[in-house]
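Note that chain A is present in both complexes that follow, paired respectively with chain B and with chain C.
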Partner chain A sequence: MEIRTEQFVEIAKKELKNARNKQFLSVLPLAITISRPRSMQSFPDPEAANEYGRAVRAEAVAGMPELLEEFEKNALANGAKIVWAKTAEEANAFVLNLAKERGIQYVTKGKSMITEEMGLNDVLQESGIEPFESDLGEFIAQQLHKPPFHIVGPALNIPVEEISDLFIAKADMKEPTTDPVKLGYAARLYLRDKFHHLAMGITGVNMAVAETGSIINVENEGNIRMNKSSPKIQVSIMSLEKVVPTMADAMHMIRLLCRNCTGQKLSAYISIDSGPKKSDEVDGPEELYIIILDNGRSEIYQDIQAREALRCIRCGACLAACPVYCKIGGYPYGWAYSGPMGQVLNPLLLGLEKTQDLYHACTLCGACKSICPAGIDHPKMFLYYRVQEANSDKKAAGGFITNKTAKFFDLWRWGTTRAWRWKMAVKTARPFVNRYAKDGTINKTIKPVEGWFRTRNLPAMARKTFHERWAEINKKVTSDQ
Partner chain B sequence: MSQSAREEILAKLKAAPKAKPAGRPSMPPLTELSWDPDQLIANFMANLTAQTGVVHRVKDEIDAKAKLAEIAAEEGLTTVIVSTDAVVAPLNLTEWGKEKGIKVLTAKDYTDRDAYKDAVFMEAQAGITGVDYAIAESGTIGLIHDKDQPRLVSVAPITHIAILPVERLRPTYERVTDIVFADKSNLPSQFTFTTGPSMTGDIQGGQFKGMHGPRKLIIILMG
Partner chain C sequence: MKTVSMFIPCTVDLFLPDIGEATYQLLKRLGVNPVYHEEQTCCGQPAINAGYIKQAKEVAKHFIEVFGEDGAIVSPSGSCVCTVKFHYPELLCDEPAWLARAEDLAGRTYELSQYIVDVLGVSDLGAFYTGKIAYHESCHILRGLGVSEQPKKLITNVKGADFVAMKFSEICCGFGGEFANNYPDISEAMVKEKCENYIQSGADLLLLCEPGCLLNIGGYLSRNHPDKKVMHLAQFLNDAIPFRGKEN
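Let's look at the complex of A and B:
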């Protein structure tokens, strides 16, 4: 998947003008502010349920190495094959080789963010193995070559007319239609044939249970169940942080995940695999490969603060809660992960240099933090990245902080660390600042700070500073006495 | 790559500074645990119906079969595939099918996996299964997949009819997983929870049922 995080501002500007996305985004927070709290209310004590979930995630991240070992041991005992991969390239190469070895012509995939992160589709495609996304939204996004608009509903914003044209061109649909039900049905028929003759299915993993060596998938469509039932080979890919201690922990996290994700008590399908099919079973995989992918996470893990990002369970609640996401949608974030969770994860996975705009595109309002069932403090993370940025070696980072900004702050420091400099600066700056004052207010000024006045006015500055006036008043009072 | 990747990743994780999490609060109370049998049934039905599942209550196996026939007539079923699990097997649905003029397939009719897949994908208009455990807290049915409960029977045909003996109803997920995952040396290869039909809201947020799995989920609650 192409990484476009550096074009954040550019894409965001374009998206702000996209009327259709805007209309869609204007109803999204409404939908989520109604359905999410309502479903959370089905807990007798929603806050306690959240707190418990946050504690489970904290524990899972703290004990990650031991939990992974326990998971591996139990999964092996169940008969699964475990493959560790340090990088996306290693994981992609493994899947590709396996597919080639077994003479696979096409694969179907369940929606999984980790394979987006890996760019697995491109790798398979280049080698002539056709990957079919089978989640409806993901299928549409894939066929249109668009990044996911929303992590839960990747193609929510695509107009029906466009989908209709697409399905006629690519999914054997005969007649154009704008009826979502007919469109969905066309996709069903097309992908059903793929499932029927499927030899290898690829899925992500929502949770991996250390205690039992089981992997869990959560979905509404049934495509993941197809991927895990029809083919003889199943490849399920998980990143390190998917592991949780016990089955009971997984159940509680699933309660939170579904409520936060789609406002349901439970998604239509939860499937829990413990090993491949048994020899007397007629369907299910003969071989179950579980790829445990690092891809930078063990490095993130070295830093206790950064590590907090690994608590995320990808529920998507923070997206709809975010006032920025709700204006610009998912495209500007430029990669697999969007919204506040993308702003937290992308800088760690791709580097601060490439994602500067992401962690700055935030007012630190904290809406995301207040609802996150995994206990991530997004604003704290953004501040953490900003501090690192400010402390970084500017030259080494290669224009990491723009020269203008750097010079400005150097001057600022020089001016503010001595009282006499400050006083002098404040005095000499007055006439400049007041140059554009009109009837006692300033509503424009010169570059580079003119933007600041687009939405605000300042009262014109008094001719004398407070210090000067104080000195005068003092003198007057003393002489009067 | 495998061995060295494994060692490297684990070594790196273990060498990282240790953080001590604050410790867990106690598990928040689950009111479901105090439900009496009637409340269990009422809540199961209400939750499942909210997810557009359909529930019929019958008193015994004879009535269950009569209900099945009724549903088959309503839905126009001529070919169904059935599981052979401990709930469905005693109903002897093959016999029932003969009486009603409905072709009843089972996975055991096929020695070849592909032929079975052809039947379950192309021929069967409905899959009929038993339910191992059901959960009142969300109106969910749980199926242990094994040789008598093939996976595709409950997901490939456009209609899923599940027979649920009332004594298999439990209040919460944990009450079920505690049983299903008790014997670590012999875990089911797959265990699934189903709550309502297959669905998606991926096109403009409009709800559409039967995306990949069944469009209808019909539960016959027996006893």
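Let's look at the complex of A and C:
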């Protein structure tokens, strides 16, 4: 998958003009103001349920190394094969080699963010192995060569007419239609055929249970179940942080995941695999490979602040909660993960230099943090990245931002730590700031804040600041009183 | 008489001093003695948000020295209060003596409407206004401080005022300090929607408790809908309380 995080501003500008997106995105906040609270209310005590979930994630992340070892031991005992991959390249190479070894022509896939992160589809395709996405939205996005617009609904923004044309061209549909049932049926027929002759199915993992060595997938379409039950070989790929201590923990996190993801109490399908088909069983894969992918996470784990990002359960609630996402949609974030989730994860996985806009394009409104079932403090993470960015400023050679900002804040610190210097700075700046002021308002652009003035005026700097007024209001009141 | 220390944010000091004056008058009318330390400047929020914590630390220490001895510190800005309450202890976590002072200060710092309703126990200021009022829930006041009922109580108790619901009142207006300037396209889309929701609410006045949001929403209205009014709650209340003389 192409990484376009550096084109954030450019893509956002384009997306802001997309009327269709606007229409869809304008109702998205209702998911947070109406449907999520409604589904959370089905807990006897919603806040306690949230707290429990946050505690599970905190414990799972803190104990990740030990839990992964426990998971491996139990999954092996169940008959699964465990593959540890340090990097995305290693994981991709494993899947590719396995497919080649077994003479596989094509694979089907359940929707998985981790394979988006790895860029697995591109790798398979380049070697002539066709990957078929089997989640309806992901199937559409894949055929259109578009990144996911939304983590849960990757093609939510695609007009139905476009989908109809696409299915005629790529999925053997005969007649154009805008009926969603007919469209779904066409995709189903097309993909069912792939499942019938399937040799290898690939899925992600929502949770891996350490105490039982089981992997769990949550879905609404049943396609993941087909990916797991149809082929001889099942490959399920998880990142390190998917592991949770107990089955009870996993069950609670699933209840939270579904409510936060789609406003459901439970999704239509939840499948739990503990190993491949046993000798006395009639269905299931003969071989189950579980790839445990690091891809930078063990390094993230070493940093106690950055580690908080690993709490994320990919529910996507933060996307609907984010006022910025609800204006620009998923494309500007430029990679697998979008919205606040992507703003937290992408800088850690791709590096701060490539993702500057992601941790800056935020008003720190805290809506994401307030609903996160995993207990992530997104704004705190962004400030943490900004601190690291500012520190890199000092390293003239290795730094990636201009020294201008550092100089500005040095000067600002000087002016702010003594009131006489503050007042002096005000007196100096006022005529300059107010040079275009008219009737107490500035409506002409002042550099270097032209962004502000594009659509806004600013009150002129006060003829008398509050400091200056205070001297008049009450000369007797002093700071000693 | 109870003494309360006014923490007037830099945005108010420089661009909106009327709000500072209204804060002073309101507190006086409530029977407390408002004091103002002239040594105060800015809380340091811009540097914290930009990641320049070394500079922010020094500014925080200056603030703590200025306000350190006060019994109660009150500010007409929720985000600046959040800076003092939540960011100072984080900034100074590796300096135990300063950390103790910061944590001590955090417990004594209040947003204005919160102080009036929760500490002074007043929710009716005897104010009059004829018209429809909407309220914008500023992010740091609502989600940062958990303050929402307090300002609404003060508004609903204004005689003659009709408090109307505004769609998505709790969604950010698109200010975000540096954000408004650095991402003008996104910020514009956000403030535009905020103002459309205000206009659709049928209110003829929008109230809020955050100077940053006031600059943003007010700046947008001034440019695009000059007939629509937005005001800081302190200034509104101070104007809406009948003059009883003897006030400075």
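One rule holds for everything that comes next: the second predicted complex is superposed on the first by the 416 of 481 C-alpha atoms of A that agree within 3 Å, B and C clash if a C-alpha of one lies under 4 Å from a C-alpha of the other, contacts with A are read in each partner's own complex, and residues count from 1 in each chain.
By definition in this document, a contact is a pair of C-beta atoms (placed from the backbone, for glycine too) under 8 Å apart; a residue touches a chain by one contact, two chains touch by 3 or more.
Small disclaimer: the values here were computed from a predicted structure and weren't measured.
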**OP:** May I ask you to decide whether A:176 touches chain B, chain C, both, or neither, giving the answer as first, second, both or neither?
**Re:** neither
Subject >> Partner chain in contact with A:90 - chain B first, chain C second, else both or neither >> reply: first
**OP:** Once the structures are superposed on A, label A:128 by its partner contacts, choosing first (chain B), second (chain C), both or neither.
**Re:** neither
Subject >> Partner chain(s) touched by A:64 [first = chain B, second = chain C, both, neither] >> reply: first
Subject >> Touching partner for A:431 - first (chain B), second (chain C), both, neither >> reply: neither
Original post:
So, A:37: does it touch chain B (first), chain C (second), both, or neither?
Top reply: neither
Subject >> Chain touching more of chain A, residue-wise (chain B, chain C) >> reply: B
Original post:
Taking the superposition as given, does A:56 touch the first partner, chain B, the second, chain C, both, or neither?
Top reply: first
Subject >> Residues on chain A lying within both footprints (that of chain B and that of chain C) >> reply: none
Original post:
Residues of chain A touching chain B in their complex?
Top reply: 24, 31, 43-45, 48-49, 51-52, 55-56, 58-59, 61-62, 64-65, 68-69, 74, 77-78, 83-86, 90, 94, 134-137, 140, 153-156, 158-160, 163, 180-181, 183-185, 187-188, 191-192, 195-196, 212-214, 220-223, 225-226, 228-230, 232, 240, 247-248, 251-252, 254-255, 262, 264-278, 280-284, 292, 294, 298-299, 301-302, 304, 307
**OP:** Please give the residue numbers of chain C that touch chain A in the complex, ascending.
**Re:** 3, 8, 12-17, 20-21, 24, 35-42, 44, 46-53, 55-56, 58-59, 62, 66, 139-140, 143-144, 168, 170-172, 174-193, 215-216, 218-220, 222-224, 248
**OP:** Enumerate the contact residues on chain B facing chain A in the complex.
**Re:** 1-2, 5-6, 8-10, 12-25, 27-31, 47, 51, 107, 110, 113, 116-118, 121-122, 137-140, 145-147, 150-152, 155-156, 172-174, 177-178, 181, 184-185, 187-206, 208, 210-214
Original post:
Which of the residues in chain A come into contact with chain C in the complex?
Top reply: 9, 12-13, 16, 26, 29, 33, 323-324, 327-328, 360-367, 369-370, 383, 385-391, 405-406, 409-410, 412-413, 415-419, 422, 426, 441, 443, 449-452, 454-462, 464-467, 469-471, 473-474, 477-479, 481
